[in-house]
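One structure, pasted below without further comment.
For reference, chains read A, B, C and D in written order, and residue numbers begin at 1 within each chain.
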Amino acid sequence: VTDGEAPVTRVEMFSDGVLAIAITLLVLELPFDKVGDGDLAHALGDHWARFAAYGLSFLGIGILWLHHHAIFTAVGHADRTLVLLNLIVLFCAAFLPYPTSLVGDYLSAGGSNARVSMLLYSGTWTLVTGAAAAMCRHVLRSRLLSSDVDPAGARRLYRNLVGATAAYVVFTLIALASPAATIACYGVAALFFLFTSDFRALGKTTVD
Amino acid sequence: VTDGEAPVTRVEMFSDGVLAIAITLLVLELPFDKVGDGDLAHALGDHWARFAAYGLSFLGIGILWLHHHAIFTAVGHADRTLVLLNLIVLFCAAFLPYPTSLVGDYLSAGGSNARVSMLLYSGTWTLVTGAAAAMCRHVLRSRLLSSDVDPAGARRLYRNLVGATAAYVVFTLIALASPAATIACYGVAALFFLFTSDFRALGKTTVD
Amino acid sequence: VTDGEAPVTRVEMFSDGVLAIAITLLVLELPFDKVGDGDLAHALGDHWARFAAYGLSFLGIGILWLHHHAIFTAVGHADRTLVLLNLIVLFCAAFLPYPTSLVGDYLSAGGSNARVSMLLYSGTWTLVTGAAAAMCRHVLRSRLLSSDVDPAGARRLYRNLVGATAAYVVFTLIALASPAATIACYGVAALFFLFTSDFRALGKTTVD
Amino acid sequence: VTDGEAPVTRVEMFSDGVLAIAITLLVLELPFDKVGDGDLAHALGDHWARFAAYGLSFLGIGILWLHHHAIFTAVGHADRTLVLLNLIVLFCAAFLPYPTSLVGDYLSAGGSNARVSMLLYSGTWTLVTGAAAAMCRHVLRSRLLSSDVDPAGARRLYRNLVGATAAYVVFTLIALASPAATIACYGVAALFFLFTSDFRALGKTTVD
């Protein structure tokens, strides 16, 4: 137990709280008071970009939570670096409702505003996935692992997170060319991670 | 312990967080800045549909939480299918403040906007109850049950959830004919579930 | 373990979540976008009623949480009645940001709108305290008590809650005559409960 | 176990909930609907003060949580004074989105409104840090310490909190002269605390 250690359990609980609140607050960026007196069905259709951005951000934070959880079951104790990297992950997740709202506002109009909003959205995802990958690598390197963790599983999780970060860098480049194509990329990526990621708990859990 | 397993305890905590936040965020769709300078009592009466939708959604998420909790006490461990079905349940619950707000906005005006808003509201409830029923069935079929669970109780819970899903499909059809009658149906259903549902924990709990 | 039982631990966690969210959401009713371009210090002074209502509701939910917590340490298991009474407590707490906002909007203007907003505020507090008292009585009567609970302490807690309910009924009557005097009553009551209430845990706790 | 004791575990959970919600709600003060139809990149740049205030408040609550957590690992049981001081800490944290929003609104315009908003912001931070220091001192003095706590570590934590309170008093004075300089002070302080504070758990934890 070294410098700046904090017990993992309460770090997990605080992180779960922030991620659960961020995923639920996303609903507030849907068009609550912007539908007006016209035809509701048409008005909802005009806001398709808001619903798409909402769905993708919800899935993204959900998948992030699954990975975050898988990492922390492997962690025996926390040091300052882990706490700081975790703070970056939480910052990005808590900030995400804002770029999600910008994408919902500006994507369908196209032009440079669509590009700026999508760059901010992609940048946030790149940063959060990169921080999660760095967190995973730090746990592996610094012997913060619980004694009963399968190191092969932890390395596989790390490779997945590096792969996801690389994908989001590519998405950021695609956003420069076509913001609308980027949103389709996020949809494909979300389905890919949902059906292929290994969410298995790395460490022992209280239940099984 | 098979493919994609995540420990149940933290899944429960994250789910509790999302459901608690969704049920509390509902208050934000009440008419905060829409009352104006006129007579407050009359203005509140004009917004009756918002208060009705708020109350019904609050009760609905509360009952959903009770069933969700009853299912998870029976779960020994989680696989990918359980995690994905649970994500659908949480998505619908977190999304619910939006259709609740649309019903509050458009129900009292009637016409096609009232119908569209009530269809979206009923569709969300049908999906969330159907996903909860599928989750319960998957737990029963896949031997994810804890060793100490009463299978008869789990089957009874499953039948209740299938019955609720069927009721919400009927409510969606009623919404096509009369959105205002549908809201009365939801009120009757909420009282029925509150006083007849078996919320008994299926598995062992830490307290009793 | 009888009809409709749910384990207390997760009921407590869900209740804690709703109360923590409701107490934090109160901040959203402060005058965020209503200050405008004039002098900030004067504008904040004009909104004194919002700040007063915010502070009183924050203290009120905090004290409610302390009592809620004290009751649940005494509870060995939950039945349907306890779950339903708890749902009423959570409903009132989650609803409270709305009447708090109305009091903040209409109290300083006086007239019938100030009276209606204060009646709704006082009615909510009367209902929540009454439901908490009924919950405490039900626990005492129904032998839901943990085996290691001091019954004298539980009865003292019950008498406190009945006294608070009676006080709030009186405050509701005062609100008919003078809404501004009522807000002073709430301030005195909050200080009284903070410094005299017995928040001692009735049952055993995991820590001590 | 003396007057007004409440078990620490659930106090921690409620505090974690309030801090997690407050840190995540901060995002709602970002310029969601204030960007309009002009150039998005320029509009975001014009709102630099909102983003700066958001980032500083996020870091500040994150660091507060780390200290709060470190204190509570040392606490064996809670008395009334601890509960009341903790309520002041939670009140300030839950209130913080409001002064953060005022700083974001008025800092870049300068003048007396910038000064008033920064005084309210600095006053909130001074009060929350002072209450945390008083809480730490009370735990040390009142023998509320767990039996296995290192008293030297607890005294070091207390000195850090007193130092932070003194720094915030100075920042409040600087705000009288130059609100814009104050925001830079908060940035330096956040980095200083992140990289030098001793977040080590004082007491035993469930994990290590």
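Quick notes
Rule of thumb we're sticking to: contacts are C-beta pairs under 8 Å (C-beta built on N, C-alpha and C of every residue); 3 or more make two chains touch, one makes a residue touch a chain.
Since the structure is predicted, the reported quantities are computational estimates derived from the model, not experimental observations.
The minimum number of touch steps separating subunit A from subunit C is 2. In the CA-based superposition of subunit B onto subunit C, the rotation angle is 90 degrees, rounded to steps of 5. Centroid to centroid, with C-alpha atoms defining each point, subunit A and subunit B lie 25 Å apart. Chain centres here are Cα means. That of subunit B falls 36 Å from that of subunit D.
Annotation for subunit A: residues touching 2 or more other chains are 13, 17, 21, 25, 28.
Chain contacts here close into one cycle, and each chain has exactly two touching partners.
Across the complex, subunit C is touched by residues 1, 3-10, 13-14, 17-18, 21-22, 25, 28-29, 76-77, 80, 83-84, 87, 90-91, 94-95, 97-98, 101-102, 105-106, 112-113, 116-117 of subunit D.
Here subunit C touches subunit D in the complex through residues 12-13, 16-17, 19-21, 23-28, 30, 32, 35, 39-41, 44, 54, 58-59, 62, 65-66, 69-70, 73, 194-195, 197-201, 205-208, going by the rule given at the top.
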